[in-house]
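When the chains are written out, they are named A, B and C in that same order, and each has its own residue count from 1.
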Amino acid sequence: MISKKIDVNKKEIENIFNNVPDLVAYEFQTKSKIKMMACYIEGLIDKNLFDRDILKALIFYLDKHKDIKDVILTSKVNELNNMEDIEKEIIGGNIVIFMEGCRTCYTVELSKWDKRAVEQPQAESVVRGPKEGFIEDIAVNKVLLRRKIKNSNLIFEDYRLGKQTNTEVSIAYIKGIVNQDVLDEVKNRLKEINIDAVLESGYIEELIEDNTNSFFATVSNSEKPDIIAGKILEGRVAIFTDGTPHVLVVPTLFIEGIMSSEDYYRRPYFSSFLRLLRAFAFFVTIYLPGAFVALMLYHQEMIPTVLLISAAGAREGVPLPVAIEIIIMVIVLELTKESGLRLPKNIGATVSIVGALVLGQAAVQAKLIGALTVILISITALTEFIIPELVQGIVLYRLVVIFLGGFFGLYGVVCAFAAITMHIISLNSFGVPFGWPIAPRNNRGLKDTVVRLHKKRFIFRPEAIAKENVKRQEPPKGE
Amino acid sequence: MRNKVILLIACSILMAFLAGCFDARELDDLGISLVIGVDLQDNRILVTAEVVDPSVSAQENEVGSDGSVKYVQGTGGNIFEALRDITLKFDRRIYLSHNKVIIFGEDFAKKDVVLYMDELFRDREQRETVYILIAKGSKAYEVMGINSGLEELPADYVHRLIKNIEFNPKTVDTNIAEYLKYYYNLGQHPVVGVVERRQRRDIDKSEQKTGTRETELSVLGSAIFKGDSLAGYLNGNDTKSYNFIIDNIQVSPITFPSPLSYEETGKKLVQNEERLSSISIIRNRTKNDVEIRGDRLILKTEVNIRGTLREVIGDIDVSKEENLKKMEEACSKTVEEGIKLAVEKVQKEYELDIFGFGLVFHRKYPEQWEKIKENWDQIFADADFQIDVKTHIIRTGLINKPLAR
Amino acid sequence: MHTKRKKDKVYYHQILLLIVILRMMVGLTYLPVSKISPANQDSWIVLLMSIPYTIIFCLPLLYLSNKFNEYNLLEVSERIMGKFFGRIIAVFYSITFFIFAAFFSSVFVEILDSSLFRRTPTIVSVSILLVTCAYIVNKGLTNMARLVEIIVPIILLVFFILAILAYDNYDFTVLLPILSDSTFTEINAGAINIGLRYMDILVIAMIVPNLDVKTNVNKIFIRALIYSIFIIILASIVVQATFGIEYVKRINFPYFTFARLISIGEAQGFDALYISSWILGHIIKISAYIYFTSVALGKVANRRNQKFTIPIAIAILIIVLLIKDRRPVVAVDEPIQQIMMTVSVSSIIVVPSIISIVYLFRKKNLKNINKSMRQ
């Protein structure tokens, strides 16, 4: 309850915020001798505006006959009469104004803090396509999305998650396109979240995903408004989290891992070629090292003679068994990647030189590893880099395949293939089969998978995702 | 969930006691053999293997020939025992998967080859695409290790020689699968390639000095098998005729006496017997047939040659239709005579149907075949032979008139 | 369309592919047609002739499947024969499927051991197989059907690629003369023999209630039969054209040897492709039979089927160890082939015939049950 006395209120607020030195409880008197108090947190509000539009207005123009809302020159003034809400408002960066003799108080939204400018996301840079990316501020992010989809059916629904952090979370979808089942499922799962802190969308991702034991993510994320727009236009639901530029999208299909936003901006033939390449790369990067170990250890008869002789020559004098050699090199590859990632850019370059020169050249010359291994690992790395979205699953499975290849040859590799494929297609993302539209097969959906047809042919949205409103556009004339 | 846990446990237990990778073989444990020779010595099998030394062949700028292979020998009662005998003297296990050629010594080939080859098939290591060669008149190991080609390894040299049938059909390229296919067929006996060691005329002065390459190999001719033992040899021309009949000609030169022709200017008849012209076959199609006429069996062969002129010796203007016709006739005649000679020789000398007329007979007269299939070879030897060769010269090259004035 | 459903749904093309792969794996493994009578160039005619025989043999099963397409074979038999006999039939079929699974596992392991892993103990190779299969079976029918949908096209693709790559080795004249070396009786005997081996038809009877369109049963049956026969004919023709008639009879695993012969220029090793797809096919095949065993066992015990996977896998492991370490399975015909023949004849023909006959006799009494089924 709010007291009529300002002093009481002040005490109570100071009690609540007794450890917050940046809390400002500024008492002042208007010209008409009304005692007032403004509470806010230093640094969260726009001080200039506060001084000019609120303090000045209140002090000079407020009198007993006027409502406070008529005086204050801002667009958003709310009335409050609950202490808990007041706490949230102050924490959220609003100004709370108390008036002597009044049981209600007013909140004014003047929050302003330093934020990053909208700039090109580093992780998802493109050659063709919009360069802007989301930032840490959810309001800006929403605006970025709304500017892509100028449609009143684009709905945002807000949630507050995290008992301690009170993070603003918002789901976005397009009414009429969105799959109602998925939407309900998302809402349910968000409601069920019971966690103390949400610092990044990864927290939410982990709590709402279907298969917590899988290496593959069944919730995808992006930093780019055009990607999110494209996905929710297919009937998906986006989840914005305050404080992070990474926006989640569900449901996710496996096939999205080999897609890129640029595929839709470039010519369809080249895009299809690139997608085929990525699909190929997915298999190569998981199975190549394992298959290599299997061939080298068990099935030498399946290697062409010339290659075998040169491989044998490269292996002469190498002390390690080929399986160990490959495993070491795969781990070194991960080390190189990870160490280059965290370092400042100019040191990062050094890491790659060290990795390439010392580990590649020198190790071969010192007969520590075979030259063929280095080539193989390079191919593995290259193929891994063109499908960044699937990396988390790939790296671990690759190790599994190497182990199986080392123990049981091709037999192990093929069993791993069966099991991994089984695992991938048995996943579900919010009720949508992860392997759609390949398994279960869907002929309409196949038009936008490993090949991308002309946009004229995209008559239907992905059926598994947008269930109700599947038709996207009219078929081209004459068909 | 419980199932998953059980599965995981099962997996890890498996992993733990499987760490022994039972069949794993590191590359540096294998002696990769490219050629093996099989001989008979004192009634025991002598196996010679040509093993690659990968460390040498991996090094660049290695000029010295034969340095990158080693030869190892083992003896035993059968091939398997002989192969394992090698391991007592050589540090690596002989790995047969990449064998390209198996050379049988003449002595061995005269025994039951197929009986002894059982090992090579029961085991998965030896590929069925390996070529068979018979070391004509010598031991297998005597023809091994000779490399007078540009290939780095002697095995590749022999292998390439066999593959050169593409350019000259005076040899045969029979691999084990084909050999066995013929071996099991009653209507056709296998013919395999031969290899022979020859003196080489030294031309290159630097090689004369070192004296390393005074010998070379030749795969001219072929060997006839009666079932699983060597019956005899065919010479180069007969082998070519054999290839004609079994329709195994890809690109082949045919050389024949240039036909008579009138000189353009003087209307003077010029005898061309000493002058030989050549065509090169572009495509050849042979059809074999048999016919029972009365109590005689007639074997018929129809050869259709399409070729391009390669060499015209003699004053023949091929831009004239009749001259081209004459060339074609002359060519046909030569081929015809060659084939007749070969068939006659095989019928008389060996009494073995190597041409597959038995199969044709089987196809055409299946009921009679049932009765005679065991004696087919005699029937074949007594049969008459008819041949019809047609040549079509479809290209004449870049010049029409011969170079000589 | 793809929301969670109470009953696992499978689609027409998935079942079609499943049956085709179950059938063609036998051909791709040891090509029995090249060895059973008349074992000559007329093998493909024998295969063609086997189609009508197969249809005749499978009629009772098809009849039941069409009549009661809401229930699988075991449920049908329970409703027709009563609880007690129904359970006996369920026991019989669970044993049948189990025998199939165990037999194919042992064949698989034997070929694996003789073609790839000579020194690896049987227990190791069979354990890997069963772990993989148990994992797949645990994922349920819907996901298995999806796996089939992905993997079978790969296997078929490999099969056709190999057949095309080997074009250099073919000599089709060995297939002549047609129909002259074998008598009518021989061909029919061979065709009946092949028709009797079509145990994979049981899949349809077991899976009918899960089909998306239940009237497709006959279509699936006929198509699967024709496609699989076509593939086996192709396999037998290419193998015979490569090796000749007599040589094929002496090879244990003709298609494997066939794949080893392929070479393009210097490139060899296409048998790696064959081996990989062959292992995949067998994983699917054995998983399918383990799944049906567990369904049948579930019927016997009136429980959900999933829990039986691991006991079944362990039982198979033991059986395979018992069989395999005594005698080769493929090479030595007796007595395992005899047992297989008996089992397949009784499961495809005898038992379904008995059920149908009983149904025809008790038709009137069963009408009420029938009505309740429709609801």
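FYI, contacts are C-beta pairs under 8 Å (C-beta built on N, C-alpha and C of every residue); 3 or more make two chains touch, one makes a residue touch a chain.
A quick note: this is a predicted structure, and the numbers were derived from the prediction, not measured.
Asks: Which chain has its C-alpha centre closest to the mean of all protein C-alpha atoms shown?
Replies: C
Asks: Name the two chains that are joined by the greatest number of C-beta pairs in contact.
Replies: Maximum number of inter-chain contact pairs occurs for A-C.
Asks: Measuring from the mean C-alpha position of chain A to the mean C-alpha position of chain C, what distance in angstrom results?
Replies: 46
Asks: Could you put a whole-Å number on the gap between the CA centroids of chain B and chain C?
Replies: Centre separation, chain B to chain C: 43 Å.
Asks: What is the distance in Å between the mean C-alpha positions of chain A and chain B?
Replies: Averaging C-alpha atoms per chain gives centres 65 Å apart.
Asks: Return the residues of chain A touching two or more other chains; collapse runs of consecutive numbers into ranges.
Replies: Those would be 298, 301, 305, 408-409.
Asks: Mark out which residues of chain B touch at least two other chains, giving numbers and ranges.
Replies: 4, 18, 23, 124, 127, in rising order.
Asks: Enumerate the residues of chain C that touch no fewer than two other chains.
Replies: Those would be 116-117, 120, 124, 128, 131, 135, 268.
Asks: Which bits of chain B are touching chain A when the two form their complex?
Replies: 4, 15, 18-19, 21, 23-28, 30, 32, 34, 52, 54-59, 95, 97-98, 100, 124-125, 127
Asks: Touching chain C in the complex: which residues of chain B?
Replies: For chain B paired with chain C, touching residues are 3-4, 6-7, 10-11, 14, 18, 22-23, 124, 127-129, 177, 180-182, 184-185, 359, 362-364, 366-367, 370.
Asks: Could you pull out which chain A residues touch chain B in their complex?
Replies: Residue positions touching the partner: 213, 296-298, 300-301, 305, 308-318, 321-323, 403, 406-409.
Asks: Of all residues in chain A, which touch chain C in the complex?
Replies: For chain A paired with chain C, touching residues are 181, 295, 298-299, 301-306, 408-415, 417-419, 421-422, 425-426, 431-433, 435-436, 438-441, 463-464, 467.
Asks: Please output the residues of chain C touching chain A within their complex, sorted ascending.
Replies: 1-4, 11, 13-14, 112, 116-117, 120, 124-125, 128-129, 131-132, 135-136, 139-140, 143, 146-147, 149-151, 266-269, 271-272, 275-276, 279-280, 283-284
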